[in-house]
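Pasting in a structure now, in structure tokens, and then I'll have a few things to ask.
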Amino acid sequence: MFFASDNGGPAAPGVIEAIARANEGVAMPYGADPIMDRVREKIRELFEAPDAAVYLVATGTAANSISLACLVQPWQTVYCHRHAHIEADECGAPEFYSGGSKLTLIDGADGKIPPEALQKAIFETGAVGVHGVQKGALSLTNATEAGTVYSPQEVAILCGIAKAQGVPTHMDGARFANALVRLGCSPAELTWKAGVDILSFGGTKNGLLGVEAVILFNPDPAWEFELRRKRGGHLFSKHRFLSAQMEAYLADDLWLGLARRANAAADRLSRGILAASGASLTHPVEANSVFAGWPRIGHRKAQEAGAKYYHWPFDQALDGPDDEPISARLVCNWATSDAEIDAFIALIS
Amino acid sequence: MFFASDNGGPAAPGVIEAIARANEGVAMPYGADPIMDRVREKIRELFEAPDAAVYLVATGTAANSISLACLVQPWQTVYCHRHAHIEADECGAPEFYSGGSKLTLIDGADGKIPPEALQKAIFETGAVGVHGVQKGALSLTNATEAGTVYSPQEVAILCGIAKAQGVPTHMDGARFANALVRLGCSPAELTWKAGVDILSFGGTKNGLLGVEAVILFNPDPAWEFELRRKRGGHLFSKHRFLSAQMEAYLADDLWLGLARRANAAADRLSRGILAASGASLTHPVEANSVFAGWPRIGHRKAQEAGAKYYHWPFDQALDGPDDEPISARLVCNWATSDAEIDAFIALIS
Amino acid sequence: MFFASDNGGPAAPGVIEAIARANEGVAMPYGADPIMDRVREKIRELFEAPDAAVYLVATGTAANSISLACLVQPWQTVYCHRHAHIEADECGAPEFYSGGSKLTLIDGADGKIPPEALQKAIFETGAVGVHGVQKGALSLTNATEAGTVYSPQEVAILCGIAKAQGVPTHMDGARFANALVRLGCSPAELTWKAGVDILSFGGTKNGLLGVEAVILFNPDPAWEFELRRKRGGHLFSKHRFLSAQMEAYLADDLWLGLARRANAAADRLSRGILAASGASLTHPVEANSVFAGWPRIGHRKAQEAGAKYYHWPFDQALDGPDDEPISARLVCNWATSDAEIDAFIALIS
Amino acid sequence: MFFASDNGGPAAPGVIEAIARANEGVAMPYGADPIMDRVREKIRELFEAPDAAVYLVATGTAANSISLACLVQPWQTVYCHRHAHIEADECGAPEFYSGGSKLTLIDGADGKIPPEALQKAIFETGAVGVHGVQKGALSLTNATEAGTVYSPQEVAILCGIAKAQGVPTHMDGARFANALVRLGCSPAELTWKAGVDILSFGGTKNGLLGVEAVILFNPDPAWEFELRRKRGGHLFSKHRFLSAQMEAYLADDLWLGLARRANAAADRLSRGILAASGASLTHPVEANSVFAGWPRIGHRKAQEAGAKYYHWPFDQALDGPDDEPISARLVCNWATSDAEIDAFIALIS
């Protein structure tokens, strides 16, 4: 009963096998391995983006921060949701990589940036000329930190607002696969066709050991990205082991299958929770996370039985009236089993 | 015939197996996995350093840069050899992580810093008070970039000079195992007993897929290291896959055996080269690299036959008199075979 | 009729004379001039702080940013009001000087941070451990950006909340003199006795050409301040010309007299505005700024007659119904005359 | 007998008067004052550069660092002489402003960069691709730190080498006037006509209180310069007092006259020293600095009589044989009198 995070789950077995297969003889280091050539072509094809620059790094924070640093100057600001990973969970990595840019935090229900709020935030930036920071980049997270998804149309509206004011766009796709399979659209529709310039294309939360691709649909800053990646210590010498993971991930739609399993687990989990007396959802369940509240007594039983997950917000105490609902975040991964979901539901019901 | 770099070689098969074994069920992320607990204890035991703080990152540049950032302020300088990896091969990563510190470059034969030159460099720093940068940290590389090794006594002399002036010390041990097995001393003798405060303990060049340990013998900056690691995007969510590599590396002295194989290959290679007419060594061969010169005709034959290695310095042309010697760097890894060495020797003789 | 900013006003004549007097013969540069010795002692005496470290810089942004950089690490955050100068008007200088720290913005009426909001903001920082930025420093502005003042007791409450959680404190006193004369307390009561660690003690807005003192009541980071000042290009070679300004400023309570004049002008101005039909104050008038609204027709007349000030917020248009009030910020300086105030009032009434 | 530095000297009286004149009524802040309009036009005319962007800052370190930050990326390197002010005397300000770029130090006699050494340094940069820092900017100092001057032809050769490899150019002209009057060429000939992109045009060492102009002959990075200046805390609110200094400096060729006086003083000083037994020059005297050695006994007498100057190098002791020469740096300013020079000469002869 592990719902603390999708990054606690295992890697897909096929990925481990691909690593073992890649371990034959010598290979040119630093991304010059032949597997990377295939990965690059595969991603370009998948995203219908023949000119895209494609790179691999090992963590989502690296993918996001280096990408954003290519889009903003130190004296500019990044527009993002108040709960975005780049704001809340990266210990200031975007500020570090960009040389001290700001993040302009936008509030919105269910983890999403409302168009009018984005419009206002961008418009107001720079109103005092040289005295304030300048318009920088937009960063959207899809699936969001609240377990919801932006549709291609929603992405297009937000990117359109940004682009109309000269603001380039980034998508944090740590859970891109989870969003995509829910929406049923194509990778291109959810990204560059909707106005996304750079995508952090997550793999780690969805079955890899530790690989994220960065896709620059506009390849202009490609060389800058390479230099920033190296300078940040994120260029791997034995790069073939990153390439092999990503190749296996994309082969035979493995990535989509893994995401479907995680999403289905979240669906099952949310249905089960809602069946409990006094339970309700905090956010719609659209990807692999469930945000829900249920009576405190159910939390106590689950945690005594060893269930792992976070109270959300974190400062709700287990002490208190039995029937008062407290809320939590539960994240499923591709390997979350029906059995552990059902066991969990039994405890909280 | 691949001598371009030790990072072109494969991982040790046992390491891949350890990764596969680690892929069971869920594990707490970000270094809270039980394998990391064992790794931490093993390294403390191995280095006779029960209080050391131990962390894993995936690249040598990350290990070096984050370590140095914990030892220097932005307005200080790092003393290192002119050819140190941190100066020549990390695209300014130490400057990036430290917030803009300087590197004070020291010349010395065979990749080593002469004590008197270090003494002078440190002494002169800060002579103009607030107008100049201040004394920062010493960084030694062992084995050096010239394929030589510092003995424990040499390390102690250099660290002693630094410590006497309040300068903390770092060792870039990307090839620490290669130095250690050549010297036959203990890990503690080559590090903290000789005055080293932080060690970048390399694994990637010696048979891992991509893991380096950082050992803070003085654990005072441990929390700072953790924050800098996270902020740099180098804290792995599925950390168990780093832990598993390091555990396998240290088990049954695998790391020492791998280094002995690489060193023995370099010895065989250097003996073969020296037997060729007109050949000579540029540096003593003390680890797994061979720096040597031999007639141009031998280079041509080797390269036509597909041998991979770098001219050193890089700007020597293949065009020119047949018998004029040009020099090169040849690096062996744990998997370099006698057969490819002998084939190479046959070509250049 | 210039109310755009207090920094548009002239310097006090006595300050110019002091500069002329300082221009005799040679003087040791970089703060080693004898005038600076006197300034240091004068400030220590004035603030009853015999151990304070005292430095001069030429701009408020430099004073604030270098001070904050001495109090926060790059991975920490600065707590400040959403409308603080350090957030809104310094183009990211605090982020630049600190190496990329965050600013946590706190809302509050009349430019002031509510204690409970500060308590909450600090308490929540670091809740996700290494994943989020850490507790940094508190920065208060007094007089505030809304023209109000914090009393010594209010400062003490806020600094107490900070200190109880290990958070050091900074006061942006660009208009410190204006606050002080309104409150009638001592400089010490409004600063270190209330828990302030570093004060940016403004002079430029109150009659100097361009000098601000930085007073480190806790002198521990004094040397770091000196290095950061130099590294930021803010250490003046011909420092005596800064020293002379500050000496003249403090002599015979000139600084207090100038602030009293500016405050009295703001009082007269606000009384006049309030007498106009349809006028009201946006914030209490407690220093030298007036935030008020009055009918649009009055704005048109004033601006046609050449009055200079800013609409506040900036995006209110002059086009529109005559009698609809729109709001503005009007700032008086020590040289604002009754005549120009009365002329202005006549136009808007 | 003050020869410690030209920045210990007074300001020219006319400059103080100009400041007093500027102190009339209100003025728009931040460079929007009408005096600045005249300064901008005057500098464009003087330099025959109608499109140049012109800004004022208050220190040479600010002028140099902000200029260089506009020319280099964090992962690039600045080529400069080993003894350049930006390397030796700015506490790492260029690294700070640029976000961590390197400085590549070039040795050369008499403070000058030899063309072939520059060619080699640039050519070698980037030889290891993404692993090393990249080609950045050239920074020349004129007059040099050794008191010599580059001729227009010498500047053109060095800038030509840089430009041919895509490297933009900066001139640190803290003592530009001293070089210019020695050479007898036009400001344009010594700068943009010889390939200089940005000039730090010094005033502080030559009679101002604290003002340097930055002239961007190629105005492309003008807005970036403005933002970096603000973000660095170097945009002055009461800017008119900087403008007034620069206007007075340029009026009636005051700046040239002041530099001629300082140079003449250095000439007189060097002639006097050379007449002493056992004396010799360390560098040719071409601007307002004298680098010379003479017997220790003469140093003792001069210093006992209160003469101020620096041993150069700094670590030569006054204790030792009387007749052994030790060397020093002596800097004259516009107000250095014949009487103090002659008094000094009398002591050391």
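Order as written gives the chain letters A, B, C and D; numbering starts at 1 within each chain.
What we mean here is this: contacts are C-beta pairs under 8 Å (C-beta built on N, C-alpha and C of every residue); 3 or more make two chains touch, one makes a residue touch a chain.
The shown structure was predicted, so the numbers you read here are calculated from the model rather than taken from an experiment.
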Set A-C beside B-C; more C-beta pairs touch across A-C
Indicate whether more than half of the residue numbers at the chain A-chain D interface occur in both copies; give same if so and different if not.
-> same
Quick one: point me to the chain whose Cα centre is farthest from that of chain B.
-> C
Rounded to the nearest Å, the gap separating the Cα centres of chain C and chain D is 34
Rounded to the nearest Å, the gap between Cα centres of chain B and chain C is 51
Centre distance in Å when chain A and chain C are each reduced to the mean of their C-alpha atoms = 42
Residues of chain A that touch at least two other chains are 74-75, 90-92, 96, 99, 130-131, 227, 230-231, 235
Of all residues in chain B, which touch chain C in the complex?
-> 30, 73-75, 99, 130-131, 134, 224, 226-228, 230-231, 235
Residues of chain D that touch chain B when the two form their complex | 74-75, 88-92, 95-96, 98-103, 127-128, 130-133, 314-315
In their shared complex, chain D is touched by residues of chain C numbered 2, 4-5, 7-11, 13, 16, 19-20, 23-29, 57-63, 65-66, 90-93, 96-97, 204-205, 209-210, 227, 230-238, 241, 308, 335
